[in-house]
Each structure stands twice: as C-alpha cells, then as structure tokens.
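Consider the two complexes below, in which chain A is the common component and chain B and chain C are the respective partners.
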Partner chain A sequence: MTRFRAARFVRTVAIAAIILWSLAPIALGVVTSVSTQADVRAIPLHWLPDHVTMDPYRGLLGGTADIRAGGTVSETGAFAQAMWNSASITLISTLAILCVAISAGYAFARLRFPGRNVLFWVVVATAIIPVFTLVIALFQLLAEAGLIDRKLGLVLVFVSTSTPLAMWLVHNHVKELPTEPEEAALLDGCTRWQAFWHVVLPQMRSSIAALSAILVLSVWGEFLIPLLLTSTSASKPVAVLIPEYVGKYTTNYPLLAAAGVLALLPPAVVALVLNRHIRGMLSGSS
Partner chain B sequence: MVAPAVIVTAALVLYPLIAGFVTSLRSGDVALGEQSRFVGLGNYGDVVSSSTVHEAVAHTLVYVVLAVTLELALGLIVAIALHHVFPGRGIVLAILILPWALPSVVSGVLWRRMFDPDSGLLNSVLMQLHLVSHPQVWLASRTWALAFITLVHVWSVLPLVSLVLIAGLQNIPDDVYSASAVDGATPLRQFRHITLPLLRPSIAVALTIGTVWAIKIFDEIYVLNGTALNTRSIVMEVYTTTFVNADFPHGTALAFLLTGITAVLAAGYALAFGRSRT
Partner chain C sequence: MDRPNAASTNGIVLERVRKEFPGGIVAVRDISLEVHPSELLVLVGPSGCGKTTTLRMIAGLEAVTAGEIRIAGRLVTNLPPRHRNVAMIFQNYALYAHMNVRANMGFGLKMAGMPKREIRARVDQAAGILGLTDLLDRKPRQLSGGQRQRVAMGRAIVREPTAFLMDEPLSNLDAKLRLEMRAEIATIHRRIGAPTLYVTHDQTEAMTMGDRVAILRDGALEQIGTPLELYEQPANVFVAEFIGSPGMNLLPAKLDIDTFDDAWYARLGDSRLLIPPKARAALRPFAGHSVVLGLRPEDFMPSEHLRDSQSRIIQATVTRTESLGSESLAYLSINGIANSQPLLARLDRRTTIQKDTPILIGVDIDRLYFFDPTNGTTLK
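Right, the complex of A and B next:
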C-alpha cells in the first residue's frame, strides 16, 4: 500500500513537472511582454514586473527605435504586415496542399491506371528529401521566374514540399476505409467524383482536421525557406521578421517577447482546439 | 486527379534536386562572376577537407547525440507518467503538445531571455545564489552554447517523441504486467524485461524522428547565436556558404552530403530494428 502511494506521489510530481516544463517558457514570455525594460534588466531579478505596461505591444505595432545604435528597431506597421503575410500564406498553402494531396491520395488508393505504383512511390519518396537540399536550386529557379519575395513563390514551394507526405497519409487512410459504400454509390449511378465527395470525404473528417492542423502549424512556423525566399515586407512572414528584433548589441526583450506572444497565438489556438485529432494522427502515423 | 501532385513535385522537388546536383559538380563563384565549368566531385573533396565543415560536423554530432539521448530518456518518463488514465489527462496532453506547436523561432525567442548576459534569468538566479560573481556570456562559450541550443531544441521535439512512446505503451496489453506481477516481478524488472523490449518499435520511430530533426537543426541556432562559429551546425554551414558567401557549388555539395548521411542513418535504424524484431 505504501509502495502504491509512493508511486502515485512520484507520478503526480512528474505530471506537475511536465506542465511546468511545457508552460514556463511561454509564461515567462507573456510576463516579459508586459514588463518595462527596467524591470527586465533589474538585478536582483524581478519575477513579476513592478509596472505592468502595454508599451511593448504599442512599440511593436506602432514602431519604435532604440536610441542606442545596434539596438532593437521596430518599423511602424511591419509586424502587422508580417502577421497578415503569415496568415494569408498559411491559409492558401494549407488549402492548396489539402486539395492536391486529398485528390491524389484518393486516386492512388482507388483508381487503376498505368504507371500508378511507380508514380506513387516517386512522389512519396520525394518526402524524404530534406528541404535544405532543394532550397538552393529553388532559389535560383524562383529568381528566374521572378517569384523571389512574392507570396505566390512561397506558396508554390510549400505545396510542393508538403504534398508528398500529406498525400501518403491520405492514401493510407483511404486504403483503410471499406470499399463497399463507394461501390454501392457507383452502382446507384453516382460518378466517381460524386462518390468521392458524398461518400468518402465525410468519413475522413477527423483525419482531414488533423492534417489541416499539422499543415497550418508547419507552414506558420517554417523559417529557413522564407528566410531565403523573401526579403521585404511584401512577403516576409512573421517567423522571419521576429529574429530581426534581436539587436546587434542590445535587445529590447519586452518588445521581442510581445512579438513572440502574438506569433504563437494562432498556432497555440489551433493546437489546443484540434489537439485530440492532432494526437491521434501523430501517434497513429508511427 | 493525380496530375497536380505529380506536376508540383516534379517541377519543384525533382527538378531542383537534379539542378542542385548539377550545380554541386560545377565550379564558379557566382559572386565573382567566374566562368562555370565541370569539376566532377571536386567540390565534395573541398567540403570534406574544410576545417569549418569539420567543426560543423562535430557540433552537429553533439546536437544529435545529446538531443536524442535527452528526448528518449525524458520521453520515456513522460510516457510512463501520462499513459495511465487519470482525471485531467486530456488537458495535460493538450499542454504537452504546445511546445511542439510553436514556431521554432518563437521557442528560441522565449528561451533567449534565460541565457541573455544582461537581462538573463539564469545569470540573475546564479548571482543571487552566489554561484557566479559576475554575469556570464553563456552563448559565447562553446560548451554552454551547444548545451543550451540543444535544450531549446529538445523542448520543441519532446512532445512528438513522448506521443509516439505513449502510443507504444498503450499497445502493450495489461495482462503481461499482471501475469508477471503474480510471478513476483518488481516494477524495475518489469520495465527492463517487458516494457523496453515491447516498446522497441516505438523507440525505433522516436529515435528516427529525433535524429532526423536534430541533424537538420538550424532555426534555434539562428535565433540564439546567429551564424557564430562556435555553434554552427551543418545546415548553418550550408546556409553561410551559400547565402552569406554566395558559394552555391560548395553549399550544394555539403547539402547533398548531409542528405546522404541522413538517408544512411535512417536506413541503418530501419535495418537494425527491423531485423531484431523478427
């Protein structure tokens, strides 16, 4: 009995530690983002700020320049523009990847056509090519096409690099579904497209939700690709803008934290709302 | 229905792959406007014998070994703590995946304040405890910088590894444990002789995920320490060679080498774990 109690105690401590480990850096970011620079620099340390202020957010959105050279500079409107760029790039890429991956995944799982297996494995195999191998040639390719620093260029790259894995997941899911409902629909005079739309898609709701969530998170968080393929506020997403707030000599930590907090809100909401679906797909895909 | 998928992967994955490989076989510094010519595997030779590349390889080895060890050890603890049903488990699991969901740049920014020399939490706490007498510039020290960057990386990848291991634990039937308990097995012996062997497939997946993610580590390094030589990983070296020094041929050659190493490692894991399972 004592051993049982001891085990339970250890487990409770472990669970508390997991929560602390996961949330402490985020909580620290939120606290820093409403602190004054004086509070952040104070020695000995102020765990909670003496003055709660919204100035970091005002500075981030409204613009500010550090008086010292080599400090953090925030241009008016640049952050809002970057958030908008991230949002539009993420939404359009996710929708495009879903369309391409679901239709191809379904077709590869259900239709028979010459060269099906070869094509399937060629497309799936490209999923294992690391993006940093492609990005140099992609840079040259997009430069020739005039798509550097354009949102369309980024969307195209995200679609091509994310589609193979997404398609493979959809393909595996469709393979697991029973074929009878579709065959019945086809016999009843449905076209292949109608059977897909009315019979297959409704059965895939949960995995499409999970896939969308994972795509949103990965596109929103992608750093290396947009770092190389964007250069101005015309297309620069928030993940690329944030490191620019790290000053050369001094960093305005409250402002940097405010940027981090705003940039983590969309993915955090997606992860919390769809976390059941995401967990199912992440542990199921193993 | 498959045409769009085939076209985008052919145009934006396969074509750049081949074009990149061709670039890696040619010489010519774009920045200097040199004439490009075919040099075979010459760029690969240069890259393999470069001392900055050697250092980048050594750093990457440290990142991979340290990160994968920590992820597996901590992941097992998390999985064992969370795989039984308890009130509030859903909420704890939702919190667990948060660090994985955040952009790695944001994770870097959140952790950056901990290690900052002037307004860093670590220095304040250590000074208050009189463990150090003056603020330390942690990221200037190679050892500490590698350790802290690994820590930030582990923070983002641990959720994924834990989820894989939790799923693995749930596949082990409870009867095995109760039967062995009747035979007098202690929890430690159960862990050693039941949990670990039956968890082998999940550990293989976790190991592969951990290695593949750590070997291409870049974002955390960029945010915490930029292109500084003391923490450069291989991908950071690819980035500096290609986009800072505008040396496309050598950058591409190094990228292809790393891809090869990753593929060999992944195949090695698959073989090692696949064979022993049968």
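Right, the complex of A and C next:
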C-alpha cells in the first residue's frame, strides 16, 4: 500500500514538473506581453507587472511610431501581413498535401499495378532525407523558376517535403480499413473513384482530421526554409518575422512576447479543435 | 459433373474458370458449373479450397485467369463489378459504417440514379420483409450482429439483382441466430427466386440450405449434386468424409472370397462383413486385395437386432463414449487390428455402452461403401 502511494506521489510530481516545464515559457510570454518595457527591465525582477498594458499588441497590429522609438522594426501592418502569409501558406499547403497524400496513399494501399512496392518505398524514402541537405539546390531551383520570396514557392516546397510522410500515414491507415465496404460499393454500382469518395473517405474522417492538425502545426512552425526563401513582407511568415524584433542594441521584449502569443493562437486553436482526433490517431484507434 | 450449355440459361454459368495468383499459386482449377435460375447452390469445402475466390471472380472483384463467366446469359468475364448486376453478402456484413440503415440499403439505388421517392418505397418494402422498419434511422454500430446481417440482406434485395452471391454470411453469428437466419435466407431466396451461389465451409449449412451442393477441394470441383445424392453416392473418399456429421468411417479392408459358399467378405481384423451380391461387379478387380471400406456412423445397430448376425457384426472394444442427449457416439477399436483408427458409431441413446468393454456391433451391410485404395474413387 505504501509502495503504491509512493509511486503515485512520484508520478504526480513528475507530471507537475512536465506541465511546469511546458507551460512556464508560455505563461512568462503572456505576462511579458502585457508589461511595459520598464517593468520587464526592472531590477529586482518583477514576476507580475506593475502596470498591465495592451500597448505591445496595439503596437504590433497598428505599427505605431512609439514602437519604432523602442528600437524595433515594426512597419505598419507588417505583423498582420506576416500572420496572413502564415495562414494562407499553411492552409493551402495542408490542403494540397492532404489531396496528394490521401489519393496516393489510397492508391498504393489498394490498387495493384506493376512496380507498386518499389515506387512506394522510393517515395517514402524521400521523407528521411533531411531538407537541410537540399536547401542550396532548392534555392537554385526556385530562383530559376522565379519563386523566391513568393508564397507559391514555399507552398511547393512544403508540399513536396511533407507529402511522403503524410502519404505513408494514410497508406498505413487505409491498409487497416476493411476492404469489404469498398467492394460492396463497387457491386452497388460505384466506380473505383465513387467508392473512394462515398465509402472510403467518410471512414477516414478522423485520421484525416488528425493528419490535418499535424500538418497545420508543422507548416505553421516552419522556420529555416521560409527564412532562406523569403525576403520581404510579401511572403514572409510570422515565424520568420518574430526574430526580427530582436534588435542589435535593444530589444522590445513586450512586443516580442506579444508577437509570440499571437503567433501561438492559430495552431493552439487547431490543436484544441482537433484534439480528440489527434489522440485517437496516436492511440491507434481512429 | 454438370456440363453447362452456355447462354441457354438465366442462371450463373462458369466455364473452365481458372484463377492463378502471382507466384503460380492455382486457387481455382478449371471449374465448370451452373447455378440454375431460382436455384440456391452451395459451394462448400475446407478453408483455402478456392470457394471464396470463385465467388469473388463471379462478382468481378477478382480477375479471371482463364475461362468464362455468364450471368443471365450475358458474358461478364471482363466486366467491372458495377456492370454485372449481382449482389453480394459478405461474411462481416460490409455495411457502410457512416450511413444509417436506410442509406445503406438505398445506396445502390442512389448510385443507379433512381428517384428518391422510389428508393424510399423500395427500401421501406424490403425493410418490411426483413423486420427492419424500426431500425431504419440507426447506424450499423447500433445494431446487433443479426440485425446487421439483415441490413446486408436488405441492401442486396432492394436492387433486384440478377444473381445473389453469399460469402459465409452466417459464420459471424452465434449458433441460435445462425439457425434462424438460415431459415430466413432460405425463405427470402424462395420469395425472390434469383440464382444464388452460397459459399460456406459448414457442411451442415450446405446440406440444409442447398438445392444442390458443389464440393470444392484444392481449387477443383469434387462433386456436385443434391444433398441426398452427395450423402448416398459420394464420388470419392473426400466427399464421403466431408458430408455427414460426423463423416464416414474409412477403413482398409481385405476382400475375401469364400468359394465354398460363393460369398464375398470384407475382412476387418477379427470380423468379416458379408458383401451384398450387387456390389461384387465393381469389386472384382480387387478380389483378394485391400480396398477402402466406408461405413456411415449412423449405419450401425445393436447386434441383437440382426438375423444371421455372424457376417454382419464387428467385434470391437469401446474406447470412448459421448452422450449428446438425443443419441450417443461410441468410439470403437476393432479387435484384431493393431492401432486401428477409431470407428465412430452413432447409436440410439437407449443403447447401453460402457467404456473399455467389448462390444458386438451390427452393421447395415446394404449400406457399405467401397473406394479404390489408390485414387479414392467410389467402386460401384
């Protein structure tokens, strides 16, 4: 009994430590984002600000002159533009990856054609190549195609780098689905495509939701590739913009924190909404 | 074996249909058979004998390596499933999990472009027949196994297909429900009257449901006939052992001829059984040699019921007994044969038998079967 209690105590402490470890930076960010620069720099350190202010958020979304005076780069509308860039790149990339991965994963799982296995593993194998080894080639390729500093360029890169893994997940999921409902649909008068649309896709709803969430989170958080392939606010996503708020001589910490908090919101909402499906997929029961 | 006359029938006709899988595995070996219009033909055999593959080829879910398939006089060998107008009932029901019962049943009609009102009417009618009217708004996961099976049946019948294919439709149900559904499928089949090919590995199901039964083994057709024909006149040892519950006893026996009184005997250890004169012609080439003797477990009787009992009894020892309530099963070891395989006898429940005691058991000698020991075919 005592051993049981001791184990429970250790577990509780461990969980608490993990939660603290994960949430503390976020809490610190939120607190900083509603502080003044003076509060942040005060010595001794304040855990909570003396004056709660929304100025950093106003400054970010409005891009006021005060912020410039703080020594940071925040042109009017730059942050909102970056958020929009991130959102559109993430949305379009996710949709495109889903389209390609679901149809390819299904085809590899269900259709019989010569060279299927070889082709499948060749495609999947590309997922293990670290994208960093390809950046120079990618840059040249996109430069020649005139896609540097364009959202389309980023979308194409994300689609081609993320699709193999997504396709593999879909493939494995389809393999686990019973084939009989599809066959019943074929006998019920469906073409292969109709059976896929009316019978297979609805069965995959949960795993598609989970996959979408994973894709949204990973594309939204992409940093290195957009850093290399974008240069102006025309295409720069928020993940690349935020580090630019770190100045050479001085940094407006409340502004930086507010940008972080705002950039965190969309993926957090996606994760919360699709949480049930993600848990399902991770536990293999979707 | 039945030799179909192609295109002359509204049933299902297979002509020398063959299926080879990659790697050279032959699943189905040149099968020819015909399911007559309004007939329920049961395809039965041990697992892996190719019966489901045969069914799937007829449905169009599996490509045919060689041969032809006709349904209702139309060559369908290379048509996709949707153009064959057959309905199939799967072992695990294969319902559309995300649709309710009504949508499941009406899906085929919707795909065919039938007006909604007509679909509704047809689904309502089929639901009435199958007792599903109160369940039409439920999802498959809210149904019991038997109800799901009914929905699968309903989905098949609303389309009014030219043929029905059923792949072990009862094997996921418990014993009691299986009996009920067996009767129900037979009733529905009679009512609809479309040719139906029913696959099962269960010989009892085959015998009770089939107008005719086709027995498959290693991808080849062993015998096709009415249940009684298969039981009374098995073509070979495989059919003899497969049909009947329990199957036929098969024992090596030596043919002795007593020239003095012109009598033929099958010798089994210390016992000998008189062979009726009508069986002699086929056995002549084996005189003095061994054959395989077949005895159905139900063709034994207590020896005191016999006249001239000397040549109609087997001397044996009871090694095990099982009481089934309605009858008893006795496992016998025949005296005079070392390590003889047990002889199984079904006896009236009033017969007193005791383990480890000698027994004289009578045999109905008019119901002896003889098989060629080299290839297993019936000698008659």
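Assume the second predicted complex is superposed on the first by the 266 of 286 C-alpha atoms of A that agree within 3 Å, B and C clash if a C-alpha of one lies under 4 Å from a C-alpha of the other, contacts with A are read in each partner's own complex, and residues count from 1 in each chain.
One rule holds in what follows: contacts are C-beta pairs under 8 Å (C-beta built on N, C-alpha and C of every residue); 3 or more make two chains touch, one makes a residue touch a chain.
Keep in mind it's a predicted model, so treat the numbers as computed, not measured.
**Q** Per the overlay, which chain contacts more chain A residues, chain B or chain C?
**A** Comparing chain B with chain C, the partner touching more chain A residues is B.
**Q** Let me test your reading of the model: by the given contact rule, A:187 touches which partner, first (chain B), second (chain C), both or neither?
**A** second
**Q** Classify the contacts of A:234 with the two partner chains as first (chain B alone), second (chain C alone), both, or neither.
**A** neither
**Q** Looking at A:152, would you say it contacts chain B, chain C, both, or neither? Reply first, second, both or neither.
**A** neither
**Q** Looking at A:224, would you say it contacts chain B, chain C, both, or neither? Reply first, second, both or neither.
**A** A:224 sits against chain B, while chain C stays out of touch.
**Q** Just to be sure I read the superposition right, which of the two partners does A:265 touch: chain B = first, chain C = second, or both, or neither?
**A** Touch partners of A:265: none, neither chain B nor chain C.
**Q** Kindly classify A:52 by the partners it touches after superposition: chain B alone (first), chain C alone (second), both, or neither?
**A** In the superposition, A:52 contacts neither chain B nor chain C.
**Q** Does the superposition put A:202 against chain B (first), chain C (second), both, or neither?
**A** Only chain C; A:202 stays clear of chain B.
**Q** A:257 contacts which: chain B (first), chain C (second), both, neither?
**A** After superposition on chain A, A:257 lies in contact with chain B alone.
**Q** Quick check on the output: what are the common chain A residues between the chain B footprint and the chain C footprint?
**A** none
**Q** Give every residue of chain A touching chain C within the complex, in rising order.
**A** Touching chain C: residues 178, 180-181, 183-191, 194, 198-199, 202-203, 205 of chain A.
**Q** Which residues of chain B touch chain A in their complex?
**A** Contacts found on chain B: 1-2, 4-6, 8-9, 11-17, 19-20, 23, 77-78, 81-82, 84, 86, 90, 92-114, 116, 118-119, 121, 124-125, 127-128, 155, 159-160, 163-164, 166-168, 187, 202, 205, 216, 218-219, 222-223, 235, 238-239, 242-243, 248, 251-252, 255-256, 258-259, 262-263, 266.
**Q** Can you list the chain A residues touching chain B in their complex?
**A** Of all residues in chain A, those touching chain B are 7, 11, 14-15, 18-19, 21-23, 25-26, 28-29, 32, 40-41, 43-45, 99-101, 103-104, 106-108, 111, 119, 122-123, 126, 128-130, 132-134, 136-138, 140-141, 156-157, 159-161, 163-164, 167, 217, 220-221, 223-224, 227-228, 239-240, 242-243, 246, 250-251, 253, 256-257, 259-260, 263-264, 267-268, 270-272, 275-276, 278-279, 282-284, 286.
**Q** Within the complex, which stretch of chain C touches chain A?
**A** Residues 59-61, 80-82, 84, 86-88, 90, 92-98, 107-108, 111-112, 155, 159 of chain C touch chain A in their complex.
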